[in-house]
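Structures for review follow.
Two complexes come next, and they have one chain in common, chain A, joined by chain B in the first and chain C in the second.
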Partner chain A sequence: MGGLSTSLLIGVEALQTTQGALTATSNNIANANTAGYTREVPQFSENQQTHEGNEVINGGVSLTGLQSVRDQLLNLQIQNQTSLQSSADTQSSLLQQVQTYFTTTGEDITSELSAFSTSLAQLSANASSSAVKQGVLSSGQNLAQAFNTTANGLTSAQSDANTQVTQTVAQINSLTSQIAQLNGQVAQLTAAGKDGGTTEDQRDELVQQLSSLTGISVMQTSDGETITTGNGTPLVMGSNSFSLQTTTGTDGMQHVLDWSGNDITTSIQGGQLGGAIQIRDQVIPGYLSQLNTLASQFSASFNAAQAMGFDSNGNAGQSFFTVPASGAAAGMSVSITNPSQIAVSSDGSAGSNGNVASLTAVLTNALPSGQTPAQAYANLIDQVGTAASGASTESTAIGQNLLQLTNQQSSVSGVSIDEETTNLIRFQTAYEAAARIVSTIQQLNTDTMNMMS
Partner chain B sequence: MRVNPNFVPDVLAGLQQSQTALNTALQEVSTGKRVTQPSDDPAASANMVQNTIETNDVDQYTQNVTGQLSMVQTADSALGSVVSSLTQAVSLGVEGANGTMNASNQQAIATQVQGILSSVVSLANTSYQGSYLFGGTANTQVPYTASATAASGYQYNGNSGVNSVAVGDNLNVQVNVPGSEIFSNSSNDVLGSLSSLVSALQGGNPTAIQTATSTVSSALNYVSQQRVFYGNAETQLNSQETYLQQETVSLASQQNSLVGVDMATAATALTQAQTANSAALAAAAKVLPTTLLDYLVPPQ
Partner chain C sequence: MIESVAQDRESKLAEYLQLMRLMAFELDRAMKAIADNSLQALEDSVANQQVFSDRLGELAEDLCRPASERSVSQAKEVNSRLMEQIGAASDTLQNLNRRYSALLKHSSHSVALMVSLFSSFQGQMQEDSGTRFNQHTWSCQI
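What follows is the complex of A and B.
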């Protein structure tokens, strides 16, 4: 059938199509600030026309669908950088916590080591003063306490990281199960030749969140996306998700197990989880072991110097410090209780200060580690400071990278209000024109009817 | 290429960056410190460990030097008095050995020399802040006390120990010589020689008096030599004091260059950060609200 009916049909199709386009535009405007939203572009296609003599049959326009504009490659890059940044951020905030114990507060190891050294220098000139000896004893106790505080601070940061591991694994599991569900829906839509649209947006947004929790690798398959951790432990395959579990290991820390129960703790990298595990299992244990070595070597050397002399009562010097075999820094304490037990004398007489030089030498001579106590501690401070500043610099650098990538993504997928406003005007005009077609055909039909009356 | 329509993240990143710079500059100016935590400058923070320890130690070494200096001076002046007492004893001995002296005059001189002996003993028992200077390391008991059995009439209760005091890292200065070295040395026995002189004067034999006098005279020389030790210690302590003063200054300047802030630079940085921050804010305020909608006539 040709003639006016064709034109009327075309007009109605145009109205419908334009309505669809207006829906897309309003949806774009509505979601301009929705995280993960990808702008939709209406896909028009012209209908086939056939000519029969003077008549033109069919034609018109149809809306084949709304196409979300996304760039999968950019998404992958963003996920990758997000994992790196989130790992650096987690490390940075934990190291920030760690380095407060190495900052000069007056009660840190530097200050107390210095006070101890000074009290010994004072003892050298006032060997028989019990007030000065009491000063040495007190500053020894303060030094032991500074070691305790620092070691406990490190342990508490470690346990915070441990809590973070458990929490992050729970979040990962919750995200992977949601992703699996959406993944199934996207796969169905794709199989039907449709655009994933908002379902895909939601899934991509969740995958992005997942990438901030742990490093992931994403592959497109016929079932949707397959998501694994960086080392290949499956998290999501099609519409199935694989939960990670945590269990307390022999070291008292939470270990991460894959769905089949294998311990994958050491292979996890990137994201909050990777960052927390790195700090918890590598960085802090490294600092703690150096601190323990320092505490135990310092104590042993000082005790050896004590043993070389005699206390105020003429007895051979007893151990000044006590350290446990493991956790030396946390358990360090002063074992003598009376200032008179400090081995000041080298010959047993009360007035001799001969052994003070041996006590002082512990602070200025190299420990078995090859460094003086101050050097060994300074070295540790250097490491803590370098790690903290490194993590924060890394985070900033990746942040710049990520900003560039997000800008690129936004330039592809982001909603531009100006563009949508222009489209609004365009589709408004088109709708008005299509309505005019309908009303014109109606007028022509009326005229034709009137011809018959 | 399509332009990124959403520049909010860019604007925010810029604002954040200038805010961070502003905070840093403000903190530096208000604290006067460039480094407040290890991550600000790991190497400087590490160097500060040694600097802190040395700074406090140098203060204590300076106090030690001052304290020891006055102790050494006390010992030196005690020995100075001993020297003049001995000089007096020698001239008394010479006077007593003169053949024209009668017995009662010699007795009177003997009494004077006996007085010198007691005063030398009391000088040998000089104490400084409660500890005896010439008792070796047994400095809590009186070094010389009267004894009927000792040849000189006095026994030594001290020991032969010496003390050294820390006045620098690994630098200890010996600050005492035991009394057994100075006053009752077996080859130059000060107390013994005085005691012999008293006996010789009481005996009245000019030759014996002469011999005794020459022993006192050689003891005098010996004490003078011993006194040099204290003079040297004083010199050493004085020069160490000067060194420690320089060290205090150089440690303070090292500390300043490690963690301190140059105020002029910091103030300039603050001004720059302020300007950058205001500019970023002004730009954001101008650009953010503008869209095509601002220019379209609203539908009637």
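What follows is the complex of A and C.
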């Protein structure tokens, strides 16, 4: 049946369709400032028209659904950059903490090396003075203490990074569990032919948060999103999540295990977790190793110089410093307890100061590493400063790139009020003009009838 | 003289018929533009409709003007086939016009609601930047 019934049906469908579009629009506007919101576009389809003689039956339009405007490639780029930035931020933050142990405080290694050198110079000028010898002993103790403090500071920063690993893994597990749950909800909504846009937005937001915790790889599958770490360890597959675990390794650090118990610590990159592991397992151990080498080589060289001379009692010089085999900087100490044990004499005779030059030379000659103690330490400071500054610079650069990507995402998924308003006003104007023509055509009908009569 | 008047009337009726067909085409085009949410196409069509309706109005006024009985009777003979075609075109145009009218009514209503929604929205708007895709977040098509 065509005619009026068809028109009425078309009208009802049109109202329902318009209502759907209106709901989508109001939702877009209401969420114009909601972080992570993706605008939705109503999808329409034309209903099939059939002709019976001069009559047209059916037709009209249906609202087939609301489509969220997403750019998956952009989302992946943003996740990747978020991961890199978060890693750089974490590294920058931990390196700033490390840097504080290398700054000049008057009690740092540079200052104490200088003070030790000064005390030895004074000893050279006045080798028989007990007070000057006491000064050498004290400055040696202060130098050893400075090595201890710096090494303990590095260990403390390493411990902080270790704590961060445990906390981050707990956060990752919480997020993957929520994402898996949302994956299931999206699948159910899609199966029921409903719009899952809002749920997908929530999931995208959580995936974004997850990418700031660790580097991830996201794939769209029939079950929803499959998320793995960079090396392929599954975190989320459809509505299932795979928890990571932590366990204390033989090195005393927390190691990350995948759901099946494999140690994946070394393969984790990116995000807070990757940044913390990088600093904890590679950067700080590297600095500690150099510091230990310096402490060990300096102590050995000074002890060797001591052994070349004789103390005030005519005894062969004994070791001035003691360093443990492992953790030389943290365990460095002065082994002599009496100023008279400093091997000033080169021949064991009283009043000789021939060995002071040998002791002093340790500070100015190159160690086995090829650098003087001060140079070796300055080199270490330079490395720490460069690394901290590099991490900060990298974070800033990635941040700018991320901003650009986020803006681009906003231009795809965001709501432009200006554009909407302009289009609405133009439509209104066009409709008003069209309405005047409609009444003119109605009048023309009367005129045509008159013409034909 | 009478022949000339008849020829003139026939010419005007032919133009009237042509314009009605063009107008029907434009109404169809306008409805499709609304369905496609194509604002530019709708504006173009409405501009054409205005031109056609103005000219149709002028012609109708002219053709309905009383003429001498003889010229009218002669003109009727000449234009009988043309008048049938005009009658058919008029019916088509009226049908299309009714559909168009209903469509405009519904669409105008939805646009008005949306305008009111936009006007009443209070808060900070986050303007997007970068290259925009040519996509709309709303539609009023039927």
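Here is the rule we go by: the second predicted complex is superposed on the first by the 358 of 453 C-alpha atoms of A that agree within 3 Å, B and C clash if a C-alpha of one lies under 4 Å from a C-alpha of the other, contacts with A are read in each partner's own complex, and residues count from 1 in each chain.
Note that contacts are C-beta pairs under 8 Å (C-beta built on N, C-alpha and C of every residue); 3 or more make two chains touch, one makes a residue touch a chain.
Everything numeric in this text was worked out from a predicted model, so none of it was measured.
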item: Which superposed partner A:S389 touches (first chain B, second chain C, both, neither); value: first
item: Touching partner for A:V136 - first (chain B), second (chain C), both, neither; value: neither
item: Touching partner for A:T421 - first (chain B), second (chain C), both, neither; value: both
item: First, second, both or neither for A:L367, with chain B first and chain C second; value: neither
item: First, second, both or neither for A:E40, with chain B first and chain C second; value: second
item: Partner chain in contact with A:N379 - chain B first, chain C second, else both or neither; value: first
item: Chain B versus chain C as contact partner of A:N407, first or second or both or neither; value: both
item: First (chain B), second (chain C), both or neither touched by A:L444; value: second
item: Which superposed partner A:M452 touches (first chain B, second chain C, both, neither); value: second
item: Chain B and chain C footprints on chain A, overlapping residues; value: 407-408, 410-412, 414-419, 421, 425
item: Interface residues, chain A side, partner chain C - complex; value: 7, 10-11, 13-15, 17-18, 21-22, 24-26, 28-30, 32-33, 39-42, 44, 46, 60-61, 69, 404, 407-408, 410-412, 414-421, 423-428, 430-435, 437-438, 440-445, 447-448, 450-452
item: Residue ranges of chain A in contact with chain B within the complex; value: 95-96, 99-100, 102-104, 110-111, 113-115, 117-118, 120-122, 124-128, 345-347, 349-354, 356-357, 360-361, 363-364, 374-375, 377-379, 381-386, 388-389, 392, 399-400, 403, 406-408, 410-412, 414-419, 421-422, 425
item: Chain A contact footprint on chain B (complex, rising order); value: 1-6, 9-10, 13, 36-43, 45-50, 52-53, 55-57, 59-61, 63-64, 67-68, 130-131, 135-140, 159, 161, 163-166, 169-170, 172, 291-293, 296
item: Residues of chain C touching chain A in the complex; value: 20, 23, 30, 35, 39, 42-43, 46, 49-50, 53, 56-57, 60-61, 63-64, 83, 86-87, 90, 93-94, 97-104, 106-115, 117-118, 121, 123-133, 135-142
